[in-house]
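Below, chain A partners chain B and then partners chain C, in two separate complexes.
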Partner chain A sequence: MSESAVLPDARSPGWRFTPQDALTRPRFAPAAPPAALTPLAGRVLCPVGFHRVALVNGRWESAHALLDLPAGIRVESWRGEGGARGGAPAAAAGLGDQAFACARDGVVVTVAAKVRADRPIHIVHVADAADRAQISHARVMIRLERGARAEVIEEFVSFGEAPSWKNVFARADLDEDAELVHYRVLHDAAQGRTTYALDAELGARARCESFLFQLGGAFAREDLHARLSGEGAQLGLGGLSLLRAGEVADAHAVVEHSAVGGRTRHLHKAVLDESSRFVFEGLIHVHPGAQKTDAQVYNRNLILSETARVHSDPEFRIFADDVSCRHGGAIGRLSAESLFYLRSRGVDEAEARRMLVYAFGAEMIERVGQESLREALSAALRERMPEGREARA
Partner chain B sequence: MTNQDVKDIAGQEYKYGFVSDVEADQIPKGLSEDVVRLISRKKEEPSFMTEWRLKAYRHWLTMKEPTWAEVHYPKIDYNGIIYYSAPKPKKKLSSMDEVDPEVRATFEKLGIPLEEQKMLANVAVDAVFDSVSVATTFKKTLAEAGVIFCSFSEAVREHPELVEKYLGSVVPYTDNFFATLNSAVFSDGSFCYVPKGVKCPMELSTYFRINAKETGQFERTLLIADEGAQVSYLEGCTAPMRDENQLHAAVVELVAMGDAQIKYSTIQNWYPGDKNGKGGIFNFVTKRGKCAGPRAKISWTQVETGSAITWKYPSCLLLGDESVGEFYSVALANHRQQADTGTKMIHVGRNTRSTIVSKGISAGHGQNSYRGLVKIAPSAEGARNYSQCDSLLLGDKCGAHTFPSLEVGNSSATLEHEASTSKIGEDQLFYLRQRGLSAEDAVGMIVNGFCRQVFNELPLEFAVEAHKLMNISLEGSVG
Partner chain C sequence: MLNIENLHAKVGDKPILKGLSLKVKAGEVHAIMGPNGSGKSTLSYILSGRPGYEIVEGRVDYMGKDLLAMAPEIRAREGVFLAFQYPVEIPGVSNKYFLKAAYNARAKHRGEPELDAGPFLKLIKEKARAVEMDPAFLSRSVNEGFSGGEKKRNEILQLAVLEPRLAILDETDSGLDIDALKIVASGVNRMRSPERAFIVVTHYQRLLDYIVPDFVHVLSGGRIVKSGGKELALELEKKGYGWIDAGQPA
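And now, the complex of A and B:
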């Protein structure tokens, strides 16, 4: 099978508003292992105290692994044919099926029934492209048995001068009463592209929180597909995308409620500067019989420049009557009143703007329970702020 | 063959075409360039109209029927439709007793005055309420103000320069499948021109209701308010409309010049089919207004309770600086009805504003979708939009869907969108029941409260009827 991804027609649903240029140019060749390993120290955001594994150009890299796992938790390589372990994409979302089929390696995380992981499991996706544009595929399986609990942090980084593209498919299977906290931290270099598809299935009373923190990269697309198929499952989705220059963020999510009493909270925020672009599509599909569904989808965007563009599309398909569903979208710039208030208190304009942008983004970061990660993200948010750059210059 | 022979042949009339120039009531089924030409000829249209229809027809051949709407229906055979039939005079009934009792009961419930009931049911009316004389009085009042209000065919004959100038200026013949089909074959419709600075002396609704008549399945309306003019127009009526044509593809174009205001209200209560979804009208309508000058305002209000399928997105193109677009909608889908409706607000001018309030009600097996787009062009400095779409679900077999899109190309724009979907609260029902209301009345009261924001935008007499209409349309969906 060809290892360079095939993009869907630019007019097909889910791709109509996506600028595909970053994925079509240059031509991406299948990635080879890098000539020499780049050390991760200082290049990843998560502290070293976590259980860590890394995929470099789509291959498990033992030299980067820091594993000291207690009983009941396994973190293994997913080498060879993906199908042997099952877990193929249930719904063809984005480029997930291609990632699944083309990947040669990946990570499988298994947590046995009633086991609670002691420390977060940190998966680093590294693209290392020295001299030519390349694409790597990888797959991730997170399997939590009944009543298990784990925190999984996937971090995406890119090294090297040449453009690189990581295409990842992840599957999360949560049995009854399982609980997963799942963060994706994306801070690619200016040449990095990431496409990510998540296929999650939640059993009865299972809880899953899955958040994206996007801090850099030329292009990032997410296709999340979650099925709440057990009674009383709870899902939290969301993200914070900090965009500047010509960066593109493309966030798509489909949540299917097919059982009674499911609950979804979805909030994605974006801060857009310069000529960046953000596309949001969030669909809640309530199947017949999924009564007492309680779902909310919100997308809020803060635009800081004249040339940034946003497309926002929250959607509902509801086939049950006893539900409470809300969605909302807001697009705007910094409120003149708030700025005026801060200035009247003696805060200078640049600082006032910085405070307001920080406050807007901090709402998402404060949801991170892991303290060291929260602090790292908070520092990254300050770093990424447009006024922050100006102030330093 | 000599050159002369060739010339002779070339000079002949095309003899395999429609030689049936006899005054036939109908032409054969199907659509071709000859049919389009024939329609144009029968209506004695000037050549620019014929050419325009033909361009539309040729373009239509290259188009595909859209499938993105959340509606399902059997494939339409466009060659199985008769595209022209002269309006046939209906049989006059001698008294109200001959009218279908079901229709009569509905009239009673709506509270339509007896004389108007007779008009609507095509019963001969007495001299006291002679529609012709009333209409003539209205016509006189309008003429004194300089307002042109007539059928589309009349406008083509009497005011071809206005028609040529504005026809297709908002909905071009290339716009979409159904609008293009309409452009090629439209039968008739209304035309209205309000000159500079004139405030139309009456609600055109009043006039329209008196003059309600067959306009056919491909209706076209063109309404122009010149600078500073004001007009309020209401189409349709609360009375149930039975029609033999299953497919309706109408086009409505509004043009508001600087400082002009147009208020366009629709009450649509066409036959929705029976409880099992048999029969019923397919209502595929293209409605669009253009705020061409500064401070122009276009306001759409619609109450959609009829039709088996509604596919309709009244839109506003806000070109003039500080122009305003509004959309207020109530859409009800009961039994097997499907409604996919919403609006588009395209902000181009600076400081343009738009408001969207959409209320969808689904009952029985009804499927109701709100589909909207708010687009802020890079030039729309300071644009503002507020959208709210709420859905109410009655019963567990119906569906409510919302597809709002926001596209922003100017950072100074502010957009807000809120949507909610829920069923009637048990506590609300319980409260009303324990006050002695029947379940049906309680639901009616809650639904009318839900729709109030939109009903308030309707001309007064219709607001009252819309309220009653909602109760009638919900009959049988409770309990």
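And now, the complex of A and C:
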């Protein structure tokens, strides 16, 4: 089986507005384990106090694992040839299917019924590419049994000089009354690419708070597919993408409400500088019978340059009649009025711009309950400011 | 302190100021009155450096320097302050963070020590008390969700914290009820000093009952057409702006 990836047709739905160049060039060969292990200290945002596992070039790396798990929580390798989903991927299959099929390893997190995880579980996806362009596939399973609670942070990083591509499939199963807080933090180096597909299923009264932070890398894409199949399930989706240079980020989410009384709140923000590109597609599909669904999807974008581009498409498909659904999209620039107001008090223009951009992004970061992660993200946001870059130069 | 000479300015193709001259000395309070569209707000904005105005002719000397050549933030650090008619809401930037950035930018510019969060908070809490502002407002986003009166009080708080040499109050009375007006006026009066000058721009005489000016100027058609003492404001109130305009060439 080939471990390279076959890209979906550039004209297919979900890909029409996404430049694929970063994934087609150079040619990505299957990743081998790195010659030497790069230490994670100082290269990941989360502190060492969390339960930690790492997949390096798609393989479970015991040397990076920090696990001291209480009863009822299991974090294990998901080793073995893929293909369980039905053989070699066809070209029409999504990247997530290919990740599932091609992965040789992964992580399985299981939290037993009514167990509340004592600390966050931190999964680090590392690409370490020394001298040639490489792709690695991996799969993740998060399974919360009835009434279980856990926080899972997936962090994506890339090391080495050569281009690298991490292609990951993840599945989250929340049984009745389970509660998951799930973060994906992508902060690849300039040569790094990450494509991530997440299938989530929420049982009755399950609650999932799900955050996506795209903070760097040549190409970052998430395809999220969530099903609220039990009554009264609640899903919160928050996202922030900070893009510059020629970076491309995509956030695609399809949320299906198929039971009564489900609730979804989706807000994704993006800040675009230079010639970056962002695509947002957020669809909420309310099936027949999913009465009393209460759902919102919003996308707000701040453009800082003349050459950045955004495609924004928040959308509903509603086949039930007793629902409350709202959506909206906005694309704007920094307010000249606000800039002048700050400057008229003595704040210089660069600092005024920085304050306004920070304020725009901080709304998403303030929602992060995990304090050390919130602080790390806040520092990363400051670091990503155009002026922050100048100050370091 | 301030010497405006024969100032002509336009927005796009539209001339707004047509030969305005005004001298303000330290310690003085000048009121500028005039009908809508006479150029009052334009004058305030030009002095504080808002982009969008073209200076066609004339000059503005401030403390021996060319004011119009300075960026807005430099003017502020040199002691020019504009209290906005419509203060801007800035979601996500807290009032105290904003005030601290402004305060320290000015301190740095003058070679004075910058303040850390602790001592600064103490300072602004004192100043907030003086304008009868609930300290809770210091932690809220700048002007976001503030009532009209709260916004104007926030402007006066900034005035008190930044201690400018030249304060321009642009229609500070608009949208204020009488109680809020008194609080704002007493905040301003407390700031009056022999080193500080005020330009109070207003449409109505009412504010001048509380902030009593040394001089009153009437702005009409982009120029100052009449100047006098505080009694001029009362005369205007009685006779209306038509009294001034009637004597002017069209």
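Criterion: the second predicted complex is superposed on the first by the 376 of 393 C-alpha atoms of A that agree within 3 Å, B and C clash if a C-alpha of one lies under 4 Å from a C-alpha of the other, contacts with A are read in each partner's own complex, and residues count from 1 in each chain.
The rule is simple: a contact is a pair of C-beta atoms (placed from the backbone, for glycine too) under 8 Å apart; a residue touches a chain by one contact, two chains touch by 3 or more.
Note that the structure is predicted; figures quoted are calculated from it, not measured.
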item: Touching partner for A:Ser338 - first (chain B), second (chain C), both, neither; value: second
item: First (chain B), second (chain C), both or neither touched by A:Phe316; value: first
item: Touched partner set for A:Ala308, first chain B, second chain C, both or neither; value: first
item: Which superposed partner A:Tyr358 touches (first chain B, second chain C, both, neither); value: second
item: Which of chain B and chain C A:Pro288 touches, first, second, both or neither; value: first
item: Comparing the two partners chain B and chain C, which touches a greater set of residues in chain A; value: B
item: Partner chain in contact with A:Gly328 - chain B first, chain C second, else both or neither; value: first
item: Partner chain(s) touched by A:Arg374 [first = chain B, second = chain C, both, neither]; value: neither
item: First (chain B), second (chain C), both or neither touched by A:Arg146; value: neither
item: Which superposed partner A:Glu349 touches (first chain B, second chain C, both, neither); value: second
item: Chain A residues contacted in one complex by chain B, in the other by chain C; value: none
item: Parts of chain B lying in touch with chain A, wherever the complex brings them together; value: 70, 391, 393-423
item: Complex contacts: residues of chain C adjacent to chain A; value: 48-51, 71-73, 75-77, 81-82, 84, 87-88, 90-93, 97-98, 101-103, 105-106, 109, 141, 158, 162
item: Chain B partner contacts - residues on chain A that touch it in the complex; value: 17, 272, 288-289, 291, 301, 303-306, 308-333
item: In the complex, chain A residues that touch chain C; value: 335-338, 340-349, 351-352, 355-356, 358-360, 362-363
